[in-house]
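We call the chains A, B, C and D, going by the order they appear; numbering starts again at 1 in every chain.
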Amino acid sequence: MARTDTASLPPTRTDFRDRAVGRLLRRPSALVGLILLAGILAMAAFADVAFPGDPLDMAGSPLLRPGDAAEFPLGTDMMGRDLASGIFHGARVSLLIGGVAALVSLVIGIGIGALSGYYGGRVDRALMRVTELFQTIPPFLFTLALVAILQPSIATITTAIGITSWSGLARLVRAEVLRLRNSELAQASIILGASDARIIFLHILPNALAPVIVSASILVATAILTESSLSFLGLGDPNVVSWGGMVGAGRETIRTDPHVAAIPGVAIVIAVLALNLLGDGLNDVLNGKGERR
Amino acid sequence: MMGRDRQVAGGIRRRMVVAAAMMMTAAAAVGVLPLSAGNAAAQEARKGGTLSIILQPEPVTLTPSTNMAQPTQVVAGNIFDGLVAYDFDLKPKPALAERWEVAPDGLTITFHLRSGVKWHDGKPFSAADVKWSLENIWKTIHPRNKSLFENVTQVDTPDDSTVILRLSKPSLPILSVLNGVGAPILPKHLYEGTDILNNPYNNKPVGTGPFVFKEWKRGEYVELARNPDYWEAGKPYLDRLLFRIIPDAAARAAAIEKGEIQYAPYNPVPFRDAERLSKLPRLKVDTRGYEWLSPLLYLDFNVENQYLKDVRVRRAIAHAIDRAALAKIVWFGYAKPAISPVPSSLVTFHNTKLPQYPFDVKKAEALLDEAGFKRDANGVRFTLTHDFLPYGDDYRRTGEFLKQALKRVGIEVTIRSQDSAAFIKRVYVDRDFDFAISYNNAFPDPQIGVVRAFWSGWLGTGTPWTNGSGYRNARADALIQEAGVEGDPAKRIAEFNEFQDIVLGDVPSLPLLELNFFSVYSADLQGIVEQGDQVYSSLKNARFVDAPKAN
Amino acid sequence: MLTYLRRSAAQLVFVLLGIALINFFLLHLAPGDAAQVLAGESGAATPEYMEALRRQFGLDQPLYIQFLRYLGNLATFDLGYSFRQSLPVSELILQRLPATLLLMGTAIGFALVAGCSLGFLAARRAGKLTDTVISIVALLFYATPVFWVGIMLIVVFSVILDWLPVGGMTSVEANLGGLALVGDVALHLVLPAVTLGLFYLAIYARLMRAAMLEVYGQDFVRTARAKGVRLRRIAWRHVLRNALLPIVTTLGVQLGSILGGAVLVETVFSWPGLGRLAFSALFQRDLNLLLGILFCSSVVVVLVNIAVDLVYTLLDPRIELG
Amino acid sequence: MSDPVLAVDGLSIAFQTRRGPLPAVRDLSFSVGRGEMLAIVGESGCGKSLTALALLGLVPPPGRVTGGTVRLEGRDLLALDEAALRHVRGARISMIFQEPMTALNPVLTVGEQIMEAILEHEPVSRKAARERTLALLERVRIPDPARRFAEYPHRMSGGMRQRVMIAMALAGAPAVLVADEPTTALDVTIQAQILSLIDELRREQGTAVVFITHDLGVVSRYVDRVLVMYAGRKVEERDTRDLFADPFHPYTKGLIAAQPRGLAARPQAGPGPAGVARERLTEIPGTVPALAAMPPGCAFAPRCPLADDRCVRTVPPPRPAGSGLVACHHAGESHAI
């Protein structure tokens, strides 16, 4: 596209040669997101060191408030379980649920989007119909149904969230692939007789990565939120500690001992916030929006 | 804050007084002496007013003929009268039946019905309705009564107010289930010859009770109005009952706290909130009114499981569970440790001289070692999967408590969570489980609610809340059969004592706790809890106490 | 236009068939059936009683016959009968639909108006304090679980401040009518609609801000400035209208998810809507009812998407239906 | 030349960056008289478009005017605040852009967009504004103005849209029209039509025109004077005829040499949008230096065949030469080449 030279001239070319990472680190919001996320990851990594032992263990007297007892800095829940230990161990499970669910979504979404965009025609129409179908059924209701039918466990919850949240991504990938399929690079490969898979994986998908990475961060965040909603409705996995599960367990005492639900709730908010801040930052950087102020 | 609440409540009450006055004007036409609103206010307890009640979950139907679920019964108890009602000692007292006699051989039971009672549609109530209900409901589709009434061979109605039951063998427990929901009497003229399960009146019931069905707005409320022709003069006091459906526990607590709801039976809020609400001067928390139910929480072991088939393992688990701590921590004291499958509230049948399993971790470990299940390198003897009754967080937490308790003796427990349909299928139909929590109402006679968990006759039928453990014991089966048709009360007690001794020795099913349900109600209500089957009975005695006020 | 409608109809039929298929078989995979649930809730049952229930529910038929029968009914716009509730499914849904539409409509309306306003404001003050505050608040709303927001709003506005009712849709005990009833419903609507709306408000605010900034960077804004148009007028006339386009698209896509969110909000606020009905139908294995609700919600989603397309053509003259 | 309508003096524009300002336009001075048409020519990145935007006070951030004055009819525009500036834009000075598709709002009819330019400046009724808009459309030779009035931009061809842009720019009868590569995106035939339309309008109305382009050939037939920019500085400014006949600056020479047909306005040079592919001067080796890597001396030195020590060390000051100015240490000797 032709542009006036002012548009092409701005500093992107002359000033900010740095790599995307550098640019990312220079945005305050993305930096905050990264730091928060790093903190959560560290909590997950060092849970066993910081809080050895089973976080489900009824370690103290029930419903201690934060500060009541030195060995339970964040207090205990109805069953006398250590909330601080739960938060650390829960970071693992929540991130795992978020990450794996996002991964499932990514695999399905990218697969369907890529096939649809690359082959077009009947394949596209069929796959897009399926995508529409998944967009039409209320996703949360669908997730609920799947979890209820498969019975709640960490595996089924994760899978169900993944299965029901790929439709937006598929559309996004499809649009990118449509755009890139007509690019010179892809066309050249087609002429050179490269296999479809090779073209898709080597030439098209890597170039469509930017929006996918951004969506992935949001998908992780949404999965964590969805898990907490499922737990609220009583569909959590009782064998592991997740933040959502902790909020769910604390909702009965929300009036009397709000900290039991509030502390994991805050953890969820922070995690979701961090992922979104990071996603925003990635979005700006990867889409080459430069500094917008 | 408080002042504001009082004012709001006052506002509502003012409206109710006006409504009451209008109601009484209407009542004047049918011969009730109208009282002026001013006079009414001067009385200590007054007539009129709307009582908002929590109903949770939403009932399936409003007729208690086929559905024994709590919400149905809570509403239906106000619409249908029983032949009798039960006092706090579970002794029957007159209702539709003014008197009754049981022949010494137990083979004839005669009921003398109250005369002049009318159905809500104006048709007279008579012995024919009782006979029809017994033959078409109690003996057939009623989920609980079938075995109690199966020996009734004939029902005679010599006149409109006499019903005579003739039995081939005695069935003493009959006298324990004759209230409005235990043995519901439906209007023959509306049901005869119809498909009872699909009769439209199931959802707009017509009874003889103190309140008349008005409207069921699904997802919102069920509304009942005062029955002006009720046989007990002057009752009910209230003009209207509004059963409101509020699915979220926190919202229920808030509604009760605010005074939007004045009566909430059946554990309407989490225990912790009950504790909090009980400290508010405007509210009362009451565990009376559930005596007729006698709910028991128990643990069913699948006796076909490779570990649990060994009675030593079952006993070890029994010793590993601190039931007092369970009652205190998980059930917030709204329960007490159970020592027998027959709850202590069934005073006549409850046996205290039974094998006991006090909390004793060492003994549990010793029993497990003895059974040959030693701890491995990780300290684990074996792994079991636990299914908890999916009726809310209390049961889930009970499961979590068991998990931690058994971990201490080297049994690793995985908790499996599922919805109630899946639970019932898994435990009672597929029997694909290791051990599961469940609860049953015992009712005043073990025959009704207790023996079903042990009788081998239920095996293979896939019937919920029956023999979940897969227990078979010929002697226990024989005792159950004998007690069912025993006409001599003393002999029955002996039979049940032996039965308790056997099943507690074998522990196919471990009694955990006797649960105490609670109700929350506004302190300015009187007559809310008057009898032992109150929650399944009517609110004909309930009334607001007027604190005289300037407005 | 005609082709468009025909295509929409085809899409609708496909979607409905898909939903029927997926859900019917999925739900039959679920362990336990309605008779067991009902028997379980009854606290007692006999095999004869359960057999009677199954016969009544049609559960004694082979699966494919149940499915064909269901499809046959659908073709005649018969959603079937909820044996559990002893009412036709269509009647149950019609009872609840207005409440859900009212809740969803208000929530979306609130989210759209407030979200777009905030996004608009943030974009016009991009980089300033207002923008930062709006962006942070939006992110917080976005990141906070809906049910948590709901419970907190109840605690603050109903219990502590006593301004609004705890839940439900009307003050039944007050016997209101006419205008008073409308006002009463409106009062009951505030908290659930705000709760449901806040999440979407956050989305729209963020989207609106991004879209506005995107449009601000476009050439025609520079043209408008070059011809001396006032900044305020540029914002309202040139930028806003173009920035609304992605919002409208998102709205159509999100409709389904809003109904899902309604499950939580309706539960917390005892709102007598479809979301809660679907939730309980799921656990009661009331398949006819659940299928019926999913059906209706899909129809609503497809219909609203048609409406969205129409709005889109009004907003963007470049798009033509066809 | 009488009093100039537009006089730019010492204009400097810089990009504000984290590492300090990066000058993009330095010390630029020129003026245009009534009815005169001046072309500012240079390669992409030389600062010409930035200059054009600066004339209307529209330099986009992070760019900022760092010095100089822009006097329009005697008033310094750079000293005006946004509100005052707004009254000038579109009324006394207006602008047309390169890309007529994106420069028009897709969701408003062309009529509305032109009317807006009138209504924003004059207290006239919508009816009067509409009539004037129709007249303007007629004026820029859009057939069937009444129908086109209600048309959306996407329904029009590129040439038609550019006519709309011109009509919009002329709505306020401005003293100065800034045209930023108005023909670059158009077919060659359409290019000529648009050019002659602009030429005709300035003759009829006496509007001064500043014509920004990278393509010398396009303008040679119409413009009175040419200003050549390189790396943010004016390197030569001459009457058109003189410039083409005898370019002084080596860069100008390169530009002229790059024209396929030498002096004359290019005749039909093949189909398709011209310009983009030709924007880089292949005749002159090398590229425009980056702003951050500007050499201390003559910016053109690295590419200049004549460059010597002096060129590398000091910036050549502009000095009078022929009908204008040139900024080259070797300007005197250049004839020798």
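Rule of thumb we're sticking to: contacts are C-beta pairs under 8 Å (C-beta built on N, C-alpha and C of every residue); 3 or more make two chains touch, one makes a residue touch a chain.
Model, not experiment: these values are computed from the prediction.
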*Would you mind checking which pair of chains has the most C-beta pairs in contact?*
B-C
*Could you name the chain whose Cα mean is nearest to the mean of all protein Cα atoms here?*
C
_Chain centre separation in whole Å, for chain D relative to chain B (CA means)_ = 90
*Between chain A and chain D, tell me the centre distance in angstrom, where each centre is the average of that chain's C-alpha atoms.*
49
_Whole-Å gap between the CA centroids of chain B and chain C_ = 38
*Could you give the separation in Å between the centres of chain C and chain D, each centre being the mean of its C-alpha atoms?*
53
*Among the residues of chain C, which ones contact at least 2 other chains?*
30-31, 151, 155, 267, 283
*Which residue numbers or ranges of chain A touch two or more of the other chains?*
148, 151, 251, 254-255, 293
_Touching two or more other chains - residue numbers and ranges from chain B_ = 250, 254, 418-419, 422
*Enumerate the contact residues on chain B facing chain A in the complex.*
249-250, 253-254, 270-273, 275-276, 329-330, 388, 390, 392-393, 396-397, 399-401, 403-404, 407, 414-419, 422
*asked:* For a test of understanding, state which residues of chain B touch chain C in their complex under the given definition.
replied: 1, 4-5, 8, 12, 15, 19, 50, 52, 57-58, 60-61, 66-70, 140-141, 143-144, 146, 197-198, 200, 202-203, 217-221, 223, 240, 242, 244-248, 250-251, 254-255, 257-258, 260, 418-426, 428-430, 440-441, 452, 461-465
*Note which residues of chain D are touching chain C in the complex, please.*
56, 58, 60, 82, 86-91, 94-95, 97, 99, 102-108, 116-117, 120-121, 152, 154, 165, 168-169, 171-172
*chain A contact footprint on chain C (complex, rising order)*: 11, 14-15, 18-19, 22-23, 26-27, 29-31, 126-127, 139-140, 142-148, 151, 155, 213, 253, 256-261, 263-264, 267, 275, 278-279, 282-283, 290, 294, 297-298, 301-302
*State the interface residues of chain C toward chain B in the complex, per the touch definition above.*
30-34, 36-50, 52-53, 56, 84-87, 92, 95-96, 99, 151, 154-155, 158-160, 162, 165-170, 172-175, 266-270, 272-273, 276-277, 280, 283-285
